[in-house]
Each structure stands twice: as structure tokens, then as C-alpha cells.
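Just below is one structure, and these are the notes that go with it.
Note that the chains are named A, B, C and D in the order they appear, and that numbering of residues resets to 1 at the start of each chain.
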């Protein structure tokens, strides 16, 4: 734990661009040198609402793509769904606006030391960190397949550049507005076995992560998922973001998803008691 | 009372320009037809801090100049001192920003039906409503002298165009940085008698209004002053903005400066007990 | 939209559940410049006392994060002038009227009730017991079960069964359910929850309490979670007692939250200072929300947050924070 | 700047008056990534209980206007693990340590005191009595003078004169001065004011209480006026009893406000969630303000807002809102 958030810095980041993409905003911000420590799976916590804001808590966003080259030096790309008042405020920030951010936070995706066959599964804006992850995996010689799902086509975030970094991309929509009708988990078992998948990386709604976990376990595939619990502090001091996680001795501990996550081993999360658990033996 | 605020409207007003003038901001906003009902002495109440503001109360500003001609239709000019968080927010609003405003509010300056000799006295941004007032008085054939005072030259607001609408202008600064060293009340008695003043109009800090009132009463000159008490609602419903005002029967009543003012007869205000009064016979 | 927004507080009927809050609409006149008073559920007037009162010294207000403090000290014209001037005017406007009364002794409340009982056009009395009781060490009536009971009991005796009585409680108590129990037992038809929280701001320039009266009442969105909790607790304990909810309501969503918690009516106070039309806006937004949620009557939404609760009673809502 | 920021809470000395708030800094480790813990006055650790505790179900938080609700349920590792792992680490950092303890029975507090009294490196105990008392109808200890007294009395007996005891009180009471009187009489060296206010948010989508634990504790700038009032009242009643102030402090100005009201130390809680460096920032800003105001010692500013008061005692600060 003492190494987590070791490189986190609170800095002022400038908005370089803010584009609408489907139902999302793709926001590029300049963060300088801290970019060196940013990995796929890390997140950023952003203060929202400006100087006289009634919103006292930061909002968390996955780092979608990290770049340390280019004319602006270190930059981060975020994919933001205008959901409530904080994310709407963020989506309304134009070029040049200054954001108060803390990053990189949390546990990043684990990168295999050997070239493996990886399946990346994203739901909604959950695809955000996966494109950056795909680039890293490819650079390590991995084979990368990707599946994205959402209720509707406008909620699929799949930028053109992103598609280039994967070997294959399947899209599922529940309303059949694009790709395959249905959910990402519909033919997951076949995809895993046919593709000879070694490891699954996932990010998206908790229900999706839970369903993937069940399948991954039955197929005996490693499953790293980035969870999303509501977070007050994002830095491990408040205990609001906890998830029940099975320990080696079989007991369940309430782990902080901000600091012991957001990337967790899907096999260890006690999905069936998320949000329910009150008593466990520790 | 039932006619007060009769024409008040809550509208969205666009910022047409925002210029720094000395220590103030001169802000021009477009308000449309409501301008027809705006008079010198009226004020405007502006919501501050945007959608997620922690500031729940409007801020009051005197209407400095009112115009219903020109390319933008009805416009109002405000002179704003960046004082605390609300006024600083307002001063940071650039061209095109939309403001949520309620105007015209309160009692305006009374305009004499005959041409008279008027002395206008302003302290700090208190000069704001006086230039608009001067124009109206001149158009009624009045002779208009003006005295402005402030601690320092940068706190004197006296726009060039404004100077044209008065017959004479004297400036006092306490630190001698421009005009006559000292306060507006220093030679007031002489000015009143030499200038054969019929009526004084004033606006500025309460201590200044109080000092002018004493002199005006000893010289038996009518004194209309625009008071400034902190206001929660600005529309007469909360009772926070009260001032002790002497009634015909000699008793003192706590009058609302937002709706029974801000323009009041200086001779009636019980200056000596402002902020102190607890018991009066009503 | 054919949704039935009507509500009742005891025997009193109102076409909509959205009212002004006492002290935040004066006696209605000034607000009438912004919308017709008859369009909202009711006007709750500024608490009136027996005699005219000048109130506390200024400054009387301080803005605080998402709220404000006020220390008006119940400035007002006294009951005679109020009955002569304000009530007839409100009646003329076609407004439903809830008169808020306040006293420094149990007798003063009774006197007010006596003066008001035969005045036509009043729908209900709101009895503001959040005033210091001069007969009992200056302790606020609503902070003491015995004093609270005595006031309501006195008013009830005078009023008989004619006018509904709503007792307005203070949140500054250890056990608001216990106070609610007393006033209901004493004959209150309903309770109004909540009055302001006692607070203070120190002016860091002068290094003195900012308000002339030193302490003041905290209102506005900042206190909404406290109000919702109080409404929820009292509705849970007395599901049949009508509640007039208030405290930081600024939107239809906020009013809906209080209704789900158990309020049959909702007063809009401080929000009016930021938006003169707030009461009407809240009402219009509430109607949209209820419709979207599939309610056809307001009544069916009252206390809805408790319904599913009945199944999982094991986790008691009488828990504390950390 | 040669200003003397040092302060004392009973026999304990601290180089600066700015501390973390219990439950808002965990056991310090995570914050140490953002500033050296030895640079602030003290780390107040998350309330620790005898046994390990998983806490309440999620969601455990809801943002509210200028504040938040939390319902963590005192999740923690239990006293043994805490003493074995957390204290030594904090000692190593050179931090001053105030250990917050919490129990469900009077005995549990005594047990915690017994385990802690001989642990080296602890500056003071903060006794969080805002937990439900399982022996007394689940009523929160701090809401009942008798239970409050019993807890402090039990801890004092065990601790002897060695460690200062600071009793942390709840604002959810009718008379906080009365509770302060009890704990001081029982031997508390000081009081911490205030814990969170009991609140609730209803999720208008699900139409159910938003928090897993239904109610939660309200903190943040929204509650600051309530905290300042409580500090002012208790300092007025017991000018010699040191107060650790907290509730919505986010800037040096806010800490200064509490110090003027009577606080000898100030804890920064919720502000840390918005700004990990908040505690240190508050401390640095406070130093600038004190200097600008011409204070050469922190001590001379404590309770300053009362000094001029002594002259005009006629207007009592024990007034209510409207």
C-alpha cells in the first residue's frame, strides 16, 4: 500500500480540447511530467464546479489514453458521460479552462511479462481505459481482441485510432442499433475458447463485471476488472468505496476500490454481496 | 407598496461588455424591454456563481446608466467593485455570459417637477447611479453639480461621458492622490450655501450618508440618499435589510431598505441607531 | 396532465402541496408581484405576535455555504394590524392562508388563537414554537416536551375543532420524535418540520459574531439532509400524522424527496430569496416528476420511501452518523 | 514569521493547532503521500473499536449541497492490529498522534483505554461518544448526559492522569453545554466539537433512502455555522476547557473563525476529500491570517470573539433562530 499513489500529484491541468463523441465528451488535458507515472487502469480525480462550487467532492475518471509526446508535452485523454451535475460541469469546460486534478491514482492493470492473448471487454464509457491498455499490450507483443457493449450505438465509444490498436473488435448493442444485438456476455464462453484467451481485462458497469467474472471463472481465465464504486476521497482515507473481497483464508474483507483497486482480480470480488454485506468474519 | 416592484421581472441578461475602470468593473448588460421601467436609484439583483453555486443569495447593484437605444436594445450599465466572492464572480464574467437578474427593484430617486439646483454626492462606487440621475435631471432643466469622494484616486468612478452631464464636478480623495485632499463633507456647508442648492442626492457608504444628512438638515436642504444594507431577498419578503426610520408620530419603525428604499429621505433615517436599535415604540 | 396534486393537513384541503415558508414570504403582498398567490397551495405568513415588534439589530443575515443565517427577531406589526390589513388582502387574492403564530408565553399563544379563531378565510394555524419561552429560563418552547405540549394544548382548547393546528418544531433537539409525540397528543393535527438550526458566523474582519443578534437560524439547501431525516423519522413513528416539510427545498426534486420521506405538504423558504418565483417553479417541477414516476395522485407518493422499508426492518433508521 | 502557533489540549502540547479529523485521514498512511505528517499539529486516527468491524453496506456516501453524508459504520481493523501496525508507523513518521476510540458499551471504552495507556507515542485520546449505546436502547452515548458521563468516567479511571482525554460530542442534542458539563465533570481534559449531524438523502430515482445504512452523518462547509455556534456556547460556559473545533473547515479563514469562537485546536475532515493537502493548506493560511491580524501567539486569538462581548452581555447569545 505504501507505494500506491506514490506518484500522485495535485496539479492544475489545462483543457486542450473537448469534443462530443456520441453521448460522450472526449476531453484532452495537459498534465506535464506526471504523465510519466500514468498507466492504463489508473484514474484521475477532478474538482468540479469552480471556486464557489457547492460540490465538495472530486469526481473520478479513468485515464483513457496517456501520451508524453506531441506539442503539448504530457497529455491525458478522458471520456466523460454527462451524467449528473459534476460530469455535466466538466463537459461544459472549453479549451483553455483550468482543472484542479489529482493523478495518477489507484492500482493500474497488470501487464503480463510474456506475450499473451488478451480479451478486452468494455461497457459504455468503460471502453475508455481499454484503448490505452491495448496499445501497451500490443507493444509487449500481445494479441488483443476487444468487445464493446452498450444499450445503444451512441453509447459505444470506439474511436478510429483506437480500433487500429486491436486485432479484432466486436460491438454489441441491446437495441440492435449497431453491431451484434445483445450483450457482451452473450457468446463470451465461445469467444474465450475459440480465441484461446489467456487473460480478460474489463471495465464497465458492476453488473457486467460480475457476469464476466462468473464466465471467466468457469473457463478458468484470469480476469482483471476495473470496478466503479462511488468515492468520496479517491485516496484511501474515507472508506466509502469499499467492496467485499475474498481473502486467502476464505473470509471477506471490505476493500477500498480507490486504493486496493480500481483494478481488482474478478475472481476475488464477492459479487453476490456487493452493497449488501453487513457482517463478515475478518 | 403595492406599486413597488410592479414592473420587476426575472430575466436572462447577456453581458455585452466588461471593462476594468480603476478598481471597478463597468459591466454592460442587455435586458430588453424591461429597461423602460428602470429609473436612477432602482437596483438589480443578480444570481452569482453559476448552476452549482454555494451562494444562495442574489447580489444587489445600483443601475448606473439605463439606455433603450443603440444596437442592443435595452441595456443597463453596472459599476461593480470586486469585493467578496459574489462580486468577484460577476467581475469575471466575460462578453456573452448570461446572467440571471431581477430588475427594476426598489424606490427610485424622486425627480423634481420644477427645474432646481441639485447637488449629487457619491462615495466610491456610489457614484454609479448618479451619472444616470444627472442625465435625467439635466433633461428636466436642472442645474447639476457633483462631488465624488473616495479613499484613493483609483476608487473614484467618473467616466468621461458622465462628466459631460454635470455642470461642475469636484473630486476628493483622502490620500490626496487626485482632486482635493479630504472628504466630500469637508466644505459641504459652503458648497450648499454658495451654490444655492435646493436638493442633495447621495449614494455611498452609510457613514458618508449620515454625515451628509446632518449637514443637509442644518442647512435645511432636502436630502435623498440611496442606502446600502445587506439584503437577503431584495424584494421585501425577508426583513433582513431594515433601517430605523423616524415616523410622523416621532416613533421609530424598522423599514426595509429594499422596498421602502434604497432611496430614502435622509432626514428621516435615525442614523445614530442604525445597527443598534433593539426597542422602539411603534 | 390530470394528476391530482391536492393534499390535506388534518381537515384542511389544499389544491397543491407547495406552500411558502413562514418568514420567507412576509404576508404575501410582495411576492404577488411575481406570481398569483392563488396558484400555489397556500401562503404561510410570517409568524405574528400579539404586539408589534421591531426585531433584532442589524446585520440580520449572513450567507453561509449553500445556506444563510437569519436573525430577524420576529419583526412584525402585531396581531391587530395583521388581521385588519393582511388577511383581507390575501382573501381578496383568492389565496389559501396558513397563519403562523408565535409567543413568549403560553398565554400569548392562546391570545393569538382567540383573536384568530373567528377570522374568516384562514385554512390552518401554524404554531411556531421555536421561540424562547420567557417563563422557562428562556428555553425555546420546541426544545422542551413539556412547554411544547403546553402551548399546543392551550391553542387547541381555544380553537376547538374548527381550525387545524400544525405545530412547527425545531431540529435542535435530541429526539424530535419525542417532541412530535407530545404535540400530537396535545391535539396538533400535524407537524411542520423543520425550523432553522441554531448557528453562528464570526466576521473574521471585526473578529466578532457577524449578526447583531449573535446567533441566527441556519436555512437553505445546506440543511436539507437534516430536514429529510426528521421527516422520515416522524413519519415512521406516526404514519398517520400529516407533515408539512421544509428546509432547503429549491426544486421539484427536493420537494419530491420530502414527499417520499413522508411530507404531505412542502414549504419553500430561503429559495425564494434566490428566485422570487421559486414556490411556483417547485410546484410545476414536482408535477412533472410525479407524472414521470407514474403517480396519478400526490397522496400515493407520500411516505413512499418507507413502503419497501417495511420488509427490511432489521436495519434500524435510528442510527447515528460516525 | 516568528508567530508561535503552538497549542495545548490539557497537558498535551502541539506545535500547531491544525489536526486531521477522525475518520477523514484513515490511520495517516495514505495522506503521507501528499505531505509529511510531522508538519501538521497531529494526526487524529479513525475511531478504533475493540474488534475488527466490516462497517455498513454501500452506498456509504451521498454528496449534499456544500456537504456530504457518510455512513461508514466504523469499519476498522480492531485495536490489536491498530496498535501493532498503525501506531508504530506513525511514530516512525514523527507525527503527533491522537487516537480516537469508540465502543458500544461503557466497558468497551474502558478496554480500549486499558490497551492504549501504555503504548508509547500517543499524545491524547479522543473519545468518540457518538456511537449507539447498545446497553441503553441504542441511544447515542453523546445524546445522553448520563451515558456520556459514564464513558468518560470509565476511561479516566483507567488512564489516570497520564493521557489527556478529549470527549467528542454530537451536535444532535438539545443542550450541548449540558453534555459538555457532564464530560468535564467526569474528568475530560477537553471537548471535540462537533461530530456530524444526523441526516438522510432519498434517492429520487429508486425512491428509497440512498445510503445502505439509511441515515448518515452530515459534514462539510454546510455545517460550519452549527459548529461555530457550539464552540462559542461551550467556550462561553467553560472558558478554561480546551476545545478541538471541527465541522466544515476548508481554509485558514475557517480555522481562524473557530479559534476566535474558542477553539484551541482545529481538525480538518471532509475538506481533505476535495483537497488531499487541505490540512497543511489550512495551517499555512492560518499562519498568514494570524500574522496579518497582529497576533504573535495562537493562544492570544483563542476565544477572541468573546472578549469584546463581556462588555455587552445584555444581549444573550443563547438566542434561537426564527
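Quick note on the criterion: contacts are C-beta pairs under 8 Å (C-beta built on N, C-alpha and C of every residue); 3 or more make two chains touch, one makes a residue touch a chain.
Because the structure is predicted, anything quoted here is derived from the model rather than measured.
Visitor: Going by the contact rule set out at the top, which chains touch both subunit A and subunit D?
Guide: Per touch definition, common to subunit A and subunit D: B, C.
Visitor: What's the chain with its C-alpha centre farthest out from subunit C?
Guide: Relative to subunit C, the chain whose C-alpha centre sits farthest away is A.
Visitor: Using Cα averages as centroids, what's the distance between subunit C and subunit D in whole Å?
Guide: 32
Visitor: Can you work out the whole-Å distance between the CA centroids of subunit B and subunit D?
Guide: The separation of the two C-alpha centroids amounts to 46 Å.
Visitor: What's the distance between the Cα centroids of subunit B and subunit C, rounded to whole Å?
Guide: Each chain reduced to its C-alpha mean, subunit B and subunit C end up 36 Å apart.
Visitor: Would you kindly tell me how far, in whole Å, the mean C-alpha position of subunit B lies from that of subunit A?
Guide: 55
Visitor: Got the subunit C residues that touch at least 2 other chains?
Guide: In subunit C, the residues touching two or more other chains are 23, 57, 65-67, 70, 72, 220-221, 315.
Visitor: At which residue positions does subunit A touch at least two other chains?
Guide: Residues 54-55, 278 of subunit A each touch two or more of the other chains.
Visitor: What graph shape do the protein chains here make by touch: line, ring, star, complete or other?
Guide: Drawn as a graph, the chains make a fully connected set, so complete.
Visitor: Enumerate the contact residues on subunit B facing subunit D in the complex.
Guide: For this pair, the touching residues of subunit B are 54, 278.
Visitor: Please output the residues of subunit A touching subunit D within their complex, sorted ascending.
Guide: 1-2, 4-6, 8, 10, 47, 54-58, 102, 229-230, 232-243, 252-254, 259, 274-280, 282
Visitor: Which positions of subunit B touch subunit A when the two form their complex?
Guide: That would be residues 48-55, 85, 89 of subunit B.
Visitor: What residues on subunit C touch subunit A, complex-wise?
Guide: Residue positions touching the partner: 65-66, 221, 315.
Visitor: So in the complex, which bits of subunit C are touching subunit D?
Guide: These residues of subunit C touch subunit D: 22-23, 47, 57, 62, 64-67, 69-72, 74, 128, 130-132, 138, 140, 143-144, 170, 172-175, 195-202, 204, 207-209, 213-226, 228-229, 232, 248, 253, 256-257, 260-261, 289, 293, 304-305, 308-309, 315-322.
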